[in-house]
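Each of the next two complexes has subunit A plus one more chain, namely subunit B in the first and subunit C in the second.
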Partner chain A sequence: MAIITISRGSYSKGKEVAEEVASALGYECVSREVLLDASDRFNIPEMRLVRAIHDAPSILERLGREKQAYIAYIRCALARRARKDNVVYHGLAGHLLLKGIPHVLKVRIISDLEDRVKSEMERERMNEQEARSLILRDDEERRRWTRTLFGLDPWDSALYDLVLHIRKLTVADAAALICKAAKLKQFETTREARQKMDDLVVACEVKAAFVEEYTDVGVVCEFGNVLIYCKSGERIEHKLQEKAKKLTREISGVHHMEVHCGIPAPARAV
Partner chain B sequence: MQPLTTEMILVMGMIGLAVFLFIVEWVRVDVVAILMMVALPLLHLVTPKEAFIGLSSNAVVSIIAVIIIGAGLDKTGIINRLVTPIVRLAGNSPSRIVIAISLTVAGISSFMQNVGAAALFLPAVQRVSKALKIPISKLLMPIGFSAILGGTVTLVGSSPLILLNDLTAQFKLKPFGLFDVTPIGLGLVVSGIGCFILFGRFILPQGSETSMEETGKEEISTLLQQIGEAYELKTPDEFTHYRDPVRIEDIRRRYLVNVVAVMEPPDFKVMSPTADMEVRSGVDLVVYGEEKDVRRMAEQEGMILKNSIEVFRNEVTEGASGTVEAVVAPRSPLAGKTLKQVDLQDRFRVTPLAIYRHGESYRAEIGDLVLGVGDAILIHGTWKRLQALQAEKSLLFTTPVDVDLMRPEKAVFAAFWLVTALIMILVFKIQLSVCLMTGALGMIVTKVLSIDEAYQSVDWRTIFLLAGLIPLGIATEKTGTAAWIAHTVLNAIGTVSPIVLFSIIGVLSTVFTLVISNVGATVLLVPLVVNMAIAAHADPRMAALVVGLATSNSFILPTHQVNALYMGPGRYRSVDFMKAGAVVSVVFLIVMIGMMYVFYGV
Partner chain C sequence: MSMIIISSDSNEKGEEIAHTTARTLNYTFLGRDLLPVAASRYGIPQEKLEWALEAPPRSWGGAARLQRRALSSIQATTLGALLADNAVCHGLAAHLYVVGISHALRVRILADPTELEREMSENQAVALEKSRILLDRRRRVRQRWSLTFFQIDETDPSRYDLVINLSQIVTEEAVKIIAQTVAHRRFAAMTYSLKCLRDAELASRVSAGLLEKFPKVKVRADGGTVIVETKGTRFNKMKRAAAIKAQVQGIEGVEYVEVHVKNGLSKKSATDS
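What follows is the complex of A and B.
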């Protein structure tokens, strides 16, 4: 009845929690599947997609278009998965990529650094110092990624509905709490919620179709009416319009499409 | 030849600055002119008296009077009444319609500001296009070009020609008479229209005839379809329970349906509700939209669609309210703003339904589009409120709604005063500005238009653009800069025959008028070319005349106001102007030089 996104640091037991929630609720549990979908559909090697969603953009990349494009592809794949409903997603940035959807339960799983270091040492067979610096670096990388792309701090608890600390709470406790929350009325898939999810999928599809050529387009979709914003140049307006007309026929669920050039995209745009 | 002095360098610097500002448009062109008006006396390049002499010049007074006379003619609806018989005369053939309307526009434009004449005909041409199913792009460009060309038929037709006598006065040249340019002007008009009749299918937008017809038809039909029809709905009593508030603008964005009237219980009726008004439970609302969209909305939002208009049957009738297409006028205060900023809904209580621009329609979100000259907006409202909007003059309506404001019974007086002014010019040879002002005064005294309306019609931007640039011309001449440049240029090109020199001047003026305004080009070039002509032993009067005429040769880029105005409604792109404009511009230069050769023996 809901979409659950679980955000986590490495070795924070997030995956275990996600799997347990999925099996308890009978939901599908996805993470890498999304990347595989995107890789398949847009013909991009999975490794590049992993890098795009994991590593913070370097200064050069911030100017470039590649990473933006990859993220749009991943978002598109994720939105399509999420539309099927009853999904637990424990990959990166789910709570950010599915913004504006009312029936998404956003969970953050954290655990103590010492525990994480221990798990990493066990799994990767490395010494403590190596493990610690690897985890710290990884956390820092995530932080920069979210900052540069979304202007947010992943450690800001206000981004989530639920932040669970795995220490006193076991994985099973955490899963039980999440299951209980997911059954609340607020996370029911209402008709409005389904509409918003459908709109997000359409917006993501349109954005994915545009992003390779025009990185700075923002797409908003409401009840099948798509608005494409492009801040730069009214010179390319004509080209965008041609493309939009083609897409109106190609993408299902599009009712009407408009291109607004020279106008910055609103915050809710994909 | 004089050596180069500091003053000359300063003047050239100021010219350079003016041209630069004209091109980059950091400030508006009239502000650049005022800047010149102030900077030149400060640099001691002209005396303070000379700096402001432009304001009292013959040219400026003539322009003011021409604008008032034009406004008077407009007020009486003479021009609107001209269109119907002309179209009937022309029949159904597109070529004949183009010829008939173009000649009329050219005739009117020869006594009015070009853009004013073009604006007057825009609604009529749109109606003709719709009625006879001729693509609008086939009509507007020839007509727009004729409006510009018509400006060359008399000495009061365009600003450069009005300026001419003032600029040549300092050289003690014999002033031009009102109809001295007429043979050349007529030649230009005829050849311009001829270009479109002969080569229309090659130079007008979009190659094949059939695709043009199709797109033309498609545009008209979708235009009507997209507005849709009026439907009345009711929200149930539990409409607002357990949901986010639904606002008027949400409905438009989600379903492409426009709410034009709302009645809150018990009987509080609001026409054209504002975008942020919330739709509550138990209200009746009238919407405009396509049936499928309205049905989709009713289903999704849980509204009840009524079979007919019930509550608003008195308000939503053809007699009380309607939809009009309005075009953003040149120099309209609306240009450069968004509908959200302008807020027509709040100020005039009318509802914008859609925007058409460059052949694209915008319906889902129109509040954030930056309006440009020539954008067409579909607006719904009661006739009374639409009239108030029209009276503001920032929009040109395709369907006239201000029948009350017109004074058709004064047409005789308007015509009488126009003829009087012309007789004074032609028969009694009184100075242009005095004759025209007499005509303008006559119209005010006989109540064709009130003095306030006369003041309001005067476009101060044109006045200051003219008046501000005149001192620049004076400075160029007084400091000897013009003579210096002329000699330098002549030394560079060597000895040439007058006809070659005039051709070069013609090309030069054409280039200047495309990048800086026609007035700017005239003011800068006239002192220059007069000096050149004197040095090359050609007729300086003719050289000045070439500038005055060729600065109307502005067709290749949509920079001329008329072209800018017609660009949107005609769904033209810059490329279209380049294609047709290039041909017309070349023909213009050839015909101009040829006619001068024949009539003035240059």
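What follows is the complex of A and C.
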């Protein structure tokens, strides 16, 4: 069984598609639940997490630690949810936060601007100009968010396995196509895929534990062996090792932890 | 009764999927085999037609005019072939000019980038890093090409009904997804969508005929009525309109011609019908 991430713009019917897919496959449909999990676990107000995952970071925020930390918490909550398998996640950046997991089917739902404007006008009872400018601003904000934090463009189709245009295709058609794709062999939860997912959860837990104090930490986990990379020099190595030792006992699934200071983290690190 | 237009960032992958889809659905495959027909119909050598599809866009001079004329003749021939319905089209840039035809399923296939890099590295005997740069350059040239000639960015996903990434999904499965999608009633040919296709075909045929003598014409068609827009000076616009009208009237399917010659300097429109 698969994990399905559905990326969408506002009012592009992605939520409806996600709900239909989840109900057809009997999967759990999650979006805000991930933020609530992160909010409970790390004791951060939900609104701050919403802002962290929605608004593009300002210049000051890029230098600060807060946003990076919140994203690490959200990633941790999402990875823990996804580990349970049979999940449809529709929300921001699912395809990026679960990168490297083979049984994740990454889908993007798009629809025409005019249809989106119409939907927003109906739902929010606003005029066309307001609706249009809100949608365009929202799109731009999401674009800047992904570019700043991941160096990628969310409009790039290469980031997804399927991009479905809701125009001639209806919500039901799109859901049927996704269900069919999710049943493909490549998206089955194999033993290797499960191991990768477990490793991602461990890496995310470790990162979440470090990120508040050390923002530039990158974590890689393979079969429970954790490598912690830190760009900062060797002067903090001792502190990191102390913390790592403590975490080895606290986080389940960790066999061994190593700290590498002064080395940039590899691209696959969380 | 429908048609499938396939575009891809890899010619080989796109063609393979288009061929397999055509075989699976028992549709006709329209590909580069159509170029000899276009060549003989419009008197442009086949190599020039291939060059027009592949070469970076020329922006001025004789080469630019030839590239535009060659593409116009390919467009006219392809649209003519698509009138027969139940076709899968790939390699003729149809995704850029089959626009507003509701029974056309437009699909973009993205090849696995690692595979593309490896292929490019083997074919060109360059390092993987270099092949990545070359592929990126090729992608940017194609983007510029589509924007120059059709004012459409071919990498924009909103131009397609469906984009399939072959990094995880294999060819046979992609074909199944396409076949499942095209089976929807929304992709069945309707009277209106067929009329739109016939209009587009007539307009492109007229345009391809005119481009040799009149390189800057815009043609629209509605039923048998053809509207040609061009630019001319105050002194030659009557002569120009008459020459265009005389040439267009002889084309099959044209019932009525309207020629609008805009003044090249003042942009003021003069109409002759």
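The working rule: the second predicted complex is superposed on the first by the 270 of 270 C-alpha atoms of A that agree within 3 Å, B and C clash if a C-alpha of one lies under 4 Å from a C-alpha of the other, contacts with A are read in each partner's own complex, and residues count from 1 in each chain.
In the analysis below, a residue touches a chain if its C-beta (ideal position, glycine included) is under 8 Å from a C-beta of that chain, and two chains touch if they have at least 3 such contacts.
Small disclaimer: the values here were computed from a predicted structure and weren't measured.
Aligning the shared subunit A places subunit B and subunit C next to each other free of steric conflict. When both complexes are overlaid on chain A, the residue A:R108 reaches subunit C alone and has no touch with subunit B. Contacts of A:A181 after superposition on the shared chain: subunit C is touched, whereas subunit B is not.
Centres of mass aside, this uses C-alpha centres: at subunit A, the angle toward subunit B and subunit C in the superposed model is 110 degrees, to the nearest 10. Within the superposed three-chain model, A:A2 lies out of touch with both subunit B and subunit C [touch as defined at top]. In the superposition on chain A, A:S157 contacts subunit C only, with no contact to subunit B.
Applying the stated contact rule after C-alpha superposition, one finds that A:H165 touches subunit C and leaves subunit B untouched.
Look at A:C230: by the touch rule set out above, it reaches neither subunit B nor subunit C. Of the two partner chains, subunit C is the only one that A:D173 touches; subunit B does not reach it.
Touch counts on subunit A: comparing subunit C and subunit B, the chain ahead is C. Closest approach of subunit B to subunit C, taken over C-alpha atoms in the A-based superposition, is 14 Å.
Counting contacts by the rule stated earlier, no residue of subunit A appears in both its interface with subunit B and its interface with subunit C. Considering their complex, residues 102, 105, 108, 110, 112, 155, 157-158, 160-165, 167-170, 173, 176-177, 180-181, 184, 186-187 of subunit A touch subunit C. Those residues of subunit C that touch subunit A in the complex are listed here as 102, 105, 108, 110, 113, 155-158, 160-165, 167-170, 173, 176-177, 180-181, 184, 186-187. Against subunit B, the residues of subunit A that register as touching in their complex are 192, 195, 222-223, 225, 227, 237-238, 241, 255-256, 258-260, 262-263. Those residues of subunit B that touch subunit A in the complex are listed here as 243-244, 253-256, 296, 300, 358, 360, 362-365, 368-370, 573.
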